[in-house]
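Alright, structures below, take your time with them.
Each of the next two complexes has subunit A plus one more chain, namely subunit B in the first and subunit C in the second.
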Partner chain A sequence: MIDTLSYGLIIVGIIFWFWGTLPLIGNRSVLFKLHSLSVSDTLGSMAIVVGLLLKIPNEWSLLVLAIMTLAIWNTVLGYVLAYCSSSNEKIINKK
Partner chain B sequence: MGAITILNIVLRLAIWFLLTDDFSLPNIIIGMAIAFLIPLSRKSSSTLKDWLRILWEVIVAVPQAYLEAFEIIFRPHNDEDIIRKKVKVRRNSGLIFLDIFLITFTPKTIVVKYDEEGWYEIHRVKRKIRNKK
Partner chain C sequence: MDSILIAMILALLIPIYEAWQDDDIWQKMLAFASIATKTSIMMLVISVLRDDWSIGVVAVITLSVGEAGLMLLAHLIKRLNEA
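On to the complex of A and B.
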């Protein structure tokens, strides 16, 4: 039962990864790509780590820490990238 | 010692014990020492209630983020726009950080800019509305 759940989560995570990463080669705006990347990098990776957590509960402390850092760093870096990409447009508009 | 200071130290200790996974006495002493030695921000205009509320919102945001992820996977959101949202009153930098974290964490919205005058500029994806022509 737990095995099925954990493999399910890992598979969902991998699907998220591919779904979010493939649009990178399309020609949408940077911000649009960031939205799909937050699905894959943050939520996909978190699903994979939760899947691992169910498989190896002995290592729960490091895995929980990994989930927290994944959530925080991916989100903050997403914000930083969004901020950088938008400030240029603003400067161009002002000129 | 205020309630926010205690919350802060509890968070630091939690991270320390997650990192070391060791509840022996020397490790507890080292963790306590580190938690108290790292400087605390001196002044804070926020209340404990604000902090507890936003920590709760962070927990609620996780299932919501997965829900939004499935929504944009199964029903493509091809339109994008930028909205502005007012920052709540009495926000210090820590709470603003968590506000930005919360908005950016969910896949449909990303904070693009935080305006010192009290606005978040949020980039959002949404479903395309078909023009009836």
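On to the complex of A and C.
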């Protein structure tokens, strides 16, 4: 039961990855891609890590650290990329 | 678990192709951010597969330091564009 649940979570995570990464190839704006990418990367990776947590619970401390690192760092990276790339457009409009 | 790893490698190829074919620096930064997250999660999966926890520690360090480095790089590029 636990094994099917952990494999299910890992597969859901991989589906999130593909869903977030596929629009990257199109030529949409940076912010559009960033939104779908940061949502899918963070949630997909957290689903995969929770799936791993169910598989081997004895090393739970490291995997919980990975989940927290993902939740904090990935969202802040998405914010920093959005801030830096959008301030770039303001400069171009000024010229 | 091996087929899961192969699916992850395929998911990793898409941002690598995107980073190669796009010229805009911010699109490349997006692709690199995605590559960084995906490779560290793959390292975690491999460390669970092999039950070898030194790889797991390296994966978590790669995850946080890699993203911190990308943030600094984003600020650097912003300053360069302003100059």
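Just so it is clear, the second predicted complex is superposed on the first by the 93 of 95 C-alpha atoms of A that agree within 3 Å, B and C clash if a C-alpha of one lies under 4 Å from a C-alpha of the other, contacts with A are read in each partner's own complex, and residues count from 1 in each chain.
Quick note on the criterion: a contact is a pair of C-beta atoms (placed from the backbone, for glycine too) under 8 Å apart; a residue touches a chain by one contact, two chains touch by 3 or more.
None of these values were measured; they are calculated from a predicted model.
When both complexes are superposed on subunit A, subunit B and subunit C fit side by side without a clash. In the superposed model, A:V76 makes contact with both subunit B and subunit C. If you count the residues of subunit A touched by subunit B and by subunit C, you find the higher number for C. In the superposition on chain A, A:S45 makes contact with subunit C only, while subunit B stays out of contact range.
Of the two partner chains placed by the overlay, only subunit C lies in contact with A:F18; subunit B stays clear of it. In the superposed model, A:I56 makes contact with subunit C only, not with subunit B.
Applying the stated contact rule after C-alpha superposition, one finds that A:F32 touches subunit B and leaves subunit C untouched.
In the superposition on chain A, A:L65 contacts both subunit B and subunit C. In the composite built from the two structures, the nearest CA pair linking subunit B and subunit C is 9 Å apart.
Shared contact residues of subunit A, touching subunit B in one structure and subunit C in the other: 34, 38, 42, 62, 65, 76, 78, 85, 87. Of all residues in subunit A, only 7, 10-11, 14, 17-18, 20-22, 24-25, 30, 33-34, 37-38, 41-42, 45, 48-49, 52, 55-56, 59, 62-63, 65-66, 69-70, 73-74, 76-78, 80-81, 84-85, 87-88, 91 touch subunit C in the complex they form. Per the touch definition, subunit A reaches subunit B in the complex via residues 16, 19, 29, 31-32, 34-36, 38-39, 42-43, 61-62, 64-65, 68, 71-72, 75-76, 78-79, 82-83, 85-87, 90.
Subunit C makes touch with subunit A in their complex at residues 4, 7-8, 11, 14-15, 17-18, 21, 24, 26-27, 29-31, 33-34, 37-38, 41, 44-45, 48, 51, 53, 56-57, 59-60, 63-64, 67-68, 70-71, 74-75, 77-78, 81-82.
Those residues of subunit B lying in contact with subunit A across their complex are 15, 17-19, 21, 62, 65-66, 69, 72-73, 77, 80, 100-101, 104-105, 107-108, 110-113, 121, 123, 125.
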